[in-house]
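In structure tokens below, several structures.
Both complexes below contain chain A, partnered by chain B and then by chain C.
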Partner chain A sequence: MWKNFCSLLKKDFQIMVDGKFFLISLGSLILYTLFINFGYIRFVNDRLYNVYLYDPCGAFEQADKLIHPVESMEELNAALSTDTNGVGIDASLGVPEIILYVGKEKVDHHRADYALSLLQPGGKYTARITGTNTKELKQRKEMCCELLFIEIVAVGFLGIASVLFKEKQMGVIRVHGVLPLEMSLFLLSKMTIFLLSDLIFAALMAVLNIGPWVTAGILPAVLLQTAILSLLMALTGLGCAMLLNDFRQFSLAYLVIAFFVSVPVFFSANTSVKMAWIDWHPFYQIYMGLKNACFGTPVINPAYYIRCVCGIIFLFLIVQAAFRREMGKEG
Partner chain B sequence: MIEVKDLTFSYGKDKQVLHGLNFTVGDGEIFGFLGPNGSGKSTTQKILTGILKGHGGCATLFGQDISRVHTQDFFQRIGVLFEFPYLYANLSAIDNLKYFSSFYPAKRLRDIGEILEKLEFKMDFSKKPVSSYSKGMRQRVSMARSLINNPELLFLDEPTSGLDPSGAVLFRRIIEEERKKGTTVFLTTHNMLDADLLCDRVAFITNGTIAALDTPKRLKEQNSSHLVLIEYLYQGIRKEKEIETANLEGGIPFPHDEIISIHSREPSLEDMFIQYTGRGLC
Partner chain C sequence: MKGLAYQLKSVRKDKFCIISFLLPIIVAVALHFTGGIDLSSIAEFHFGVLENDLSAPAVSWLERYGTVSIFKTQEELTAEINDPSTNVIGVKADGSNIRTMVSGDEIDLFCQTADTLPLLYAHREMAEQAEVTYLERSNIMEGLQNIFIAITLIAAMFMGCTFNAVNIISEKENGIDFVNQILPVTQSRLMLQKIFVGFAGGCLSAVLTACICFRLPPERIFLMLALIILSSFVAALVGLFIGKFSESLMTGVACIKVVMIVFMAVPVFFYFSGTGSLLWMLCYLVPSNAAFEGIMNLAEGGKQVIAKDMLLLMAHCVSWFLLYLSISGWKKAPVLSMVRIR
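And then the complex of A and B:
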């Protein structure tokens, strides 16, 4: 069995090399690293929304530098009419009054609180700092986690499906049905090779962007979450490639799945908008698991891991059934 | 070697493709399974090779029921050539064969170079990727793959498809050689020439039922009109006449100056197929 598994691994590795999968992964790694080190860290500042202050009495002279002072109410209104995400503060009566275009209630509160916090920097709004993360390290960890999630969900998922589509088009899947080979090995070899590839990618991402010493402390937890995500996405990719007839159909399904997996997750995790149902989104849990692992607080709840293992087994059974169906196809 | 009783199969609830097939294939026999596209040939082969599950009736292979026979040991003993040459296009012929042979125990394996040579494969292509091969060359590599493990039972689906006439002759010779070594061959085809030249017995399958099963010779004889067509010259005019062979015992029974040719009018296997099934092979 081990010999058969090694043969399958070798063949899958060859297909991935020929399909330039590793080259694309390496390209992604370089691009993400350049972005984090020379883009995100350098140029992203704390400015969430533009805040415009009309303060003719000079009541808030200690306001944060991020605030844009305006000279008149007309100027304030003009600024808010062009920048609808911006927040205006009218302090003409000595008391700050918030002016903004109404959006979602929670977001509006967040915008108002943010604007008010800038009026008294270093004051009573300063939180007590816990943990050892510096501001830069926090940014690095956050972005590293997000890009790792995108890489596995979108790029890896597409990669595994394209490998299987190649084999499907060549018809060689059917030959495996008449070989002295345990059929599940055919799927396991693909999952293994993608898992290894994702784990190496995750480790390199962490080392290059978070730093080797910090990574050493969080790596086991990060790799565990990466492994869970990688297996789930690999099985989803394999299932789609088995069940869908051609790459065009797959591309459409890919867009839907990638959108479904990533958009609500990022929206809920990185903005003040939180959907009521997001806790039921399986990938939100995994994303948060990955993020917590990056920040050194790994998930320890056994129920989470039981759910993940059940999900992996469930998907594996579906893919195996689809695999048998593909081999027995008419014609 | 193979025994099939009342074999049925449906794709889904409504599409029954096999309606109770009955046949046996003896050890070392070349058994032809002939039928047009969609008649149930490939489905039968897929059931026998364990690719399709959920059949009705019963079938035994190597003396064991097929529901229990599809073990790794079984797959080591069979070879399957599919209708299309399914190969890894990015790998060379040698790499494909090395890969597929890696699943068999070493004691069963034939030498890759030797088998390719026997199939008259152009060896200068052996290290080039399969994507650069002609259809005939791919078919040769596929045939090599199905023979690589010295199979005791060989399933061949349209083996000469995509081959030029000399390639087809070569394949028929190789199949015959395999049989001489004791290999049983289950040949699925709609090529009547292959069936006629190779098979010990043939079954005509149409719409999932066997319409006739016998040796090609007997099938033709049973339906022969025993007529001969005589072409001759008489008083300077070229003429043709069809007469019963029994009437030839006393010589040519009509006046003639010169006999140009005499042809027997026995039916071909294709004629027989059309007669039994009521449809042509396409």
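And then the complex of A and C:
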């Protein structure tokens, strides 16, 4: 049995090499790494608003150095029209008058009050830090987790379909019906090869983008969550590929999964906007599991793991039934 | 003309093309009719306070700036502050003033807000007396939702590449590609037909999407139309490239996916990264970047910048077209004609 399994594994590996699956994964890895190291962490930042002061009388000479002094009202208006998030202070009459472009009400209150506070000299205060991550480390972990999720959900899902449709077209599945092989080996070999590929990808992503020392502490948890996601996606991909007639139909299912499933997950998980139904979204739970693992706080709730195992077994049974049906078409 | 009718008929029957065509329109309808998702809370600050710690006036004062969540224990508050998905600023009473807590991994905006909050609290009475003048923004599109609308429009414009790419790949898979080679049709005419298929699909999808989710004054409608036409033409050329280099539908779908991700991600990155760097200049190599910038500028009324975007898109049209000609070879004579075979 072990020998048969190894033969199947070798055959699947060859199909994936021929289908340029590993090449695409390597390309994705390089692209993601370049994006995180040279794009995301360098450019994603936002600072507080610029404050421009027109003070011809010199009433606020002790104002904070963060204030940009301007020489005329024209200059003040020009500065605000190019920097619409900025705040202008007109102190030409000796009392400060705040000028700003309207935005969100609560943010506008803060913009106005912040600008006024800079006019008064105040002691330097620094907020207490309660976390352990730095800004850069958080950005690296966050983006690494998101890209890993996209890679497994979108690219891996497409990869398994490409392998299976090729075999389906060649009639390999029907040939399996007359081979003296354990039926589940066919599915297990595919799951194993995709699982190994995803685990290696996850480890490399973490090492290259989060750093080897930090990764050492979180890798087991990250790999566990990757394995859960990988098995679920591989089985979903196998199921879709078995049940749907051709790749054209599969590509529609792929569009739905890649777009409508991932978007609310990213939206809920990365912003403070929470949709009431999102907790029922299975991909949200798994994404959060992966994200928490990346941030060193892995899920410890046994119910989550029981649900995942049940989900994997359930999908496996469906795929097995679909596989039987496909083999049965030969009669 | 008859050939073109056949091409369009073939695309019309393709479910993949129909879905690609409808997808941006469905998203536009969702954004327009449901009002999208309330994004206002993203721009606001979020504060976390302990139960029975801050005075009621202090909590009201915080609510002027954002939403305030109350936590029963210090552990719960710290967990919420440290949650990587949120940017909660913890606020506690400190005698007559307040003190703040942050996770330390937030972007500078939140750390600076936390650092300056006690000072703002100390000067709150002065702030209440100050006179504030609000200027109206000329921006038609508001908040983060603008980016969703612009990206949906970009997706619709560049989705045109799907139509002719899938059409070409299907012909390759079904062997029609070989039949085309013996038909009395020149390669150039066939190429123009394929460009038209992608161009028409992209244009129609983008126009419908723009009508649903974009409200523009009449004088800017023509500029938007010009942006759509130029972008759809580039998309059709991109579709030709994908069709040429993909031997199977699977490879084609993977290529379309990569192209669409790049075409949507680069403008968003460009939008948030600010101007000036070398990387920012390189972003213009992606045609959707000029289109995205054009859409955003159009909404803000900057006609001069739109001219730059139009020129960039025209340059893309010409260069992609010439590049395709140079690699495929422009042939006027039929490759093989039925007559010659007879």
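Here, the second predicted complex is superposed on the first by the 245 of 331 C-alpha atoms of A that agree within 3 Å, B and C clash if a C-alpha of one lies under 4 Å from a C-alpha of the other, contacts with A are read in each partner's own complex, and residues count from 1 in each chain.
The rule we apply is simple: a residue touches a chain if its C-beta (ideal position, glycine included) is under 8 Å from a C-beta of that chain, and two chains touch if they have at least 3 such contacts.
Since we're looking at a predicted model, the values are computed, not measured.
Residue contacts after overlaying the shared chain place A:179 against chain B, while chain C stays out of touching range. By the touch criterion stated above, A:7 is placed in contact with chain B alone, chain C being left untouched. Of the two partner chains, chain C is the only one that A:138 touches; chain B does not reach it. In the superposed model, A:15 lies in contact with chain B only, and not with chain C.
In the superposed three-chain model, the partner touching more residues of chain A is C, compared with the other of chain B and chain C.
In the superposition on chain A, none of the residues of chain A is touched both by chain B in one structure and by chain C in the other. Per the touch definition, chain C reaches chain A in the complex via residues 14-16, 19-20, 23, 37-46, 63-66, 78, 81-82, 84-87, 89-90, 99-109, 111-120, 122-124, 126-127, 130-137, 139, 143, 249-251, 253-254, 257, 269, 272-274, 277, 279.
The touching residues of chain B, when paired with chain A in their complex, are 11, 42-43, 46, 49-53, 72-76, 78, 80, 82, 84, 86-91, 99-100, 102-104, 145. Residues 19-20, 24, 38-39, 43-48, 80, 84, 95-104, 106-110, 112-114, 116-117, 120, 122, 125-135, 137-138, 141-142, 154, 158, 161-162, 165, 247-249, 251-252, 254-255, 258-259, 267, 269-273, 275, 291, 295 of chain A touch chain C in their complex. By the touch criterion stated above, chain A contacts chain B in their complex at residues 3-4, 7, 10-11, 14-15, 18, 167, 170-172, 174-175, 177-182, 324, 327-328, 330-331.
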